[in-house]
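Chain IDs A, B and C follow the sequence of writing; residue 1 opens each chain.
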Amino acid sequence: MKILVCVKQVPDTSGRLAVNPDGTLNRALMQTIINPDDMNAVEAALKLKDELGCRVSVVTMGPPPAEGMLRELMAMGADDAYLVSGREFGGSDTYATSQIIAAALDTIGLDEDDIVFCGRQAIDGDTAQVGPQIAEKLHLPQVTYAADIKKEGNTITVKRILEDGYMTIKVKTPCLVTCIKELNTPRYMTVSGVFETYAKPMTVLDYNALKDNPLIDKSTIGLNGSPTNILTSFTPPQKEPGKMLEGSDMKTCEQLAGILAEKHII
Amino acid sequence: MRTKVELANPNFDSSKLAEFKNVWVFCEQRQGKMMPTSFELISEGRKLANELGVNLCGLLLGDNVEGIAKELGGYGADEVIVCDHPLLKDYTTDAYAKVICDAISEYKPEVFLIAATNIGRDLGPRCAARLHTGLCADCTHLDVDMPAYKDFLRKASTLPEDRIEKLGKIMLKNNITEQMEAHDVSMGLKMTRPAFGGNLMASIVCPRFRPAMATVRPGVMKKNAFDEAKAEAVKLTKYDVKLSAADMETEVVETVKAAKKLVDLIGADYIVSVGRGISKDVEGGIKLAEELAAVLGGVVGGSRVAIDSGWLTADHQVGQTGKTVHPKVYIALGISGSIQHKAGMSESECIIAVNKNENAPIFEIADYGICGDLFKVTPMLTEAFKAAKAAK
Amino acid sequence: MDFHLSKEHLLVRKMYREFAETEVKPLAEEIDEEERFPMETVEKMAKLGMMGIYFPKEYGGAGGDVLSYAMCVEELAKVCGTTAVIVSAHTSLCCAPIFENGTEEQKMKYLPDLLSGRKIGAFGLTEPNAGTDASGQQTTAVLDGDHYVLNGSKCFITNGSVADTFVVFAMTDPKAGNHGISAFIVERSFPGFSSGKHEKKMGIRGSSTTDLVFEDCIVPKENLLGKEGQGFKIAMKTLDGGRIGIASQALGLGEGAVEEAIKYTKERVQFKRRLSQFQNTQFQLADMHTRMQAAQYLVYAAAMKKENHEDYSMDASMAKLFAAEAASDVTRRAVQLFGGYGYTREYPVERMMRDAKITEIYEGTSEVQRMVIAKYLGVN
């Protein structure tokens, strides 16, 4: 049994953004982090590994520096890593991305008792589309928004979160599950993990490694193979800066209450 | 079991654009009750159908749901396709995706909208991947008409006029000839969505495939006024659902409604939110926020920090990963104003921020800022608001 | 000479930093205020291998190196001086002497529990009348058949009330002076052992500092560490290693204060300008950072020499002397930049200033370090 976890390196958007004059993100100026939901997916896999002793592989599509993230995940306990990287893959939308990652997972090989974990969504795009699209491409059943995962034999029981409650869903392996932060708290790397991680196997899957997979075709990958295209991107106008009130005492609060009452806001 | 699901129409080809017509909306229901977002999407779909000069059709799946179909007509649907089947009682990806993709392969709508609920965002990508078409996630604005879209950009963007004026075509490389080709998007669906928590917006098009699919953020599109006569006049079409237990790979063991009444942030007129600033005395800080909210008749929300630290439950979260709110007054107590947070509340009518740090980014979008200790300022605000309301 | 850190060191630093920011920093103020030992943090560090960083895996260690240990103490000290010294005393003063001087039986018996953090270690050398002059040991150990009988007391013992395993020094031959001192591994459960009252301190107030009391304490003969009479040598060698730990603690405290001061002076406005816009602030911060950077080079160099089994005694002394004095100076200047707020407990710099002072005192005062360095210079 093995678990393949799909992860993504994303710009850290918790601070201020660096935006180019044309409205696109200046990625070079942004710190990168491991996508938060993906960390929950990795933790879910490592928990099952602790419990059942399975193998955990992490898979990402990205530029060569994404290796750093994969080493981190192996320092947390993942056994090996795959870096899907190639010029041909650039410019892919979610459809083309899932096509490529599905081809990579297919190349790595999915057995009867294997599971694919993904984070629910990446904070740079917030689409939540790649997970389900990989599942469709690989003809795997999917369960999204997993807040609890249990495995017994070949059956997985997932607590799937809805806005107004939850569903309990049973599904057989192989399958794909997308994970949310309520699922767990990701572990830290360990000291021994760090000192072993660079000796763990990391395989680069480039265009040549994947091109014979039936999912890979010039019309389904990269900018060419993306059904959606960006017409334009833009920044919304900055709101006029508000008014800083003088002081922070009772007088200030009364002044504010007065303004709001006058404007019939309260 | 890994078997490919075949479409009901084996000749379906998403690249034959001319074959596609009409706007469709997936009308989500849960336990036989229509989700409010279905009415929002029907209303928005009406606008798009009018711009395209085509029909608007609601797609309703469930078990014995024909009874709730007519109401969709009251918000603008010309027709509702009803897919009734016992296996469609609970939502499952397998069954819903199969029936929807089958119906689309046979009827070929050119636009297909789905609400970006937890169910819609499970279903949308699965269908788009099967149909080989484009899907834009979590849209907040939709246009077909180019002049209307350009007017939208003039208001909602900082793009210079010359760049807005030039929009209309998109250059793409032909996969076979390897030549660049211009695709006219003047009458295609333009799907606008926030990226990076709303600091960047992107308009997405799907020029080469149909249907153009979008999931639409709940609570954003305005609902039309209900028209009883139109509800009576709506055409109901029964779809011949082909589904068997063999199509199901997932089994819903149970569906549980949250027992605790969740806080209704989306419907609230007044929201008092707390953030990292209450860490010194979490209980005390939340109590102060509750007292202030009570005076205003509002509710308490929280930033990601407040939720991740376990101070408030997830239903209180405002922001990109939480809820998008637009109350009359939003009061941010000890919230620095990360992009994630601003994405969820910047559309509030009036924003008041209390923060110790005068350089906190929250002050950049606040209408009124008070630089001070929330533990001292909040009780005074409560007093002042109480007095101001009493004086009215 | 290569000043670049390896990929492993960069990564392990990231791990320490995430851990320190998330798990240690939020507790720092509270454990200082309440003088409470953060046992929950020790348990978390244990799981991550932070209680046995540079020891081989065969004894339960994490398989890291001395530099990665120094970085751990440094990163912890940036946010909490207390947590840093818990790791330093445990690692350098208890695990290290057992690993370096123990028999295979002693190592297999004690190291797995210590290095995995299931048990905490401490070191008993200082006595009321034997501080800097460690040779004035008054605790005695008398061989009686298959065991030694220890009598006497130790003071200022870090981890004193929480440790299970102690490396303790006692006179086996009072007439022989330094050569009459021997080292023992003492367990808390040994009859006649007790730890005394909690010492109230100026800084590192969450750490446990107590007396150890030996009243006819029975220590099995096989718990003699090294040979009889080698105790003083073991103690001095152990302290050489300990100085790298304390130097790292001082380094972290100073760096933490610089970080806090940069953050604060960029926010605080006086005379309609941010403090960071005043040249005095800029010059102060430039000096503070330069001192800490120099300290880092000294500390890392000493750690790498120890790792490579070179003589690092003088390097450790220089690192500790410089880092400790820099930390005291830098934290004091940070408080000054904060002004009145810096003097309150609302901001962490006053705690950092209190914590920094001890690094000039314990595990050899700055004066002792100067003696060591002068000796190496042949100045006598």
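Keep this in mind: a residue touches a chain if its C-beta (ideal position, glycine included) is under 8 Å from a C-beta of that chain, and two chains touch if they have at least 3 such contacts.
Being a predicted model, the structure only gives us computed values, none of them experimental.
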Of the chains present, which has its C-alpha mean closest to the combined C-alpha mean? A
Looking at contacts between chains, which pair has the highest count of C-beta pairs? A-B
In angstrom, rounded to a whole number, how far apart do the mean CA points of subunit B and subunit C lie? 55
Cα centroid separation between subunit A and subunit B, in whole Å? 20
Between the Cα centroids of subunit A and subunit C the separation in whole angstrom comes to 40
Multi-partner residues in subunit B (2 or more other chains touched) are 358
Where on subunit C does subunit B make contact in their complex? 26, 266-267, 269
Would you pull the subunit A residues touching subunit B in the complex into a rising list? 11, 13-17, 19, 23-25, 93-95, 98, 110, 123-133, 135-145, 157, 160-172, 174-175, 181-182, 218-219, 223-239, 241-245, 247-250, 252-254, 256-261, 263, 265-266
Residue ranges of subunit A touching subunit C (in the complex, touch as defined): 68, 71-72, 75, 188-198
Considering only the defined contacts, which subunit C positions touch subunit A in the complex? 7-8, 11-12, 14-15, 18-19, 47-50, 53, 57, 62-64, 68, 72
Enumerate the contact residues on subunit B facing subunit A in the complex. 1-5, 30, 90-94, 97, 117-119, 121-122, 124-126, 128-130, 132-138, 153, 156-159, 163, 167, 170, 172-173, 175, 185, 190, 194-209, 249-258, 262, 296, 308, 314, 320-321, 328-329, 338-340, 346, 349-354, 358, 361, 363-373, 376-377, 380-381, 383-385, 387-389, 391-392
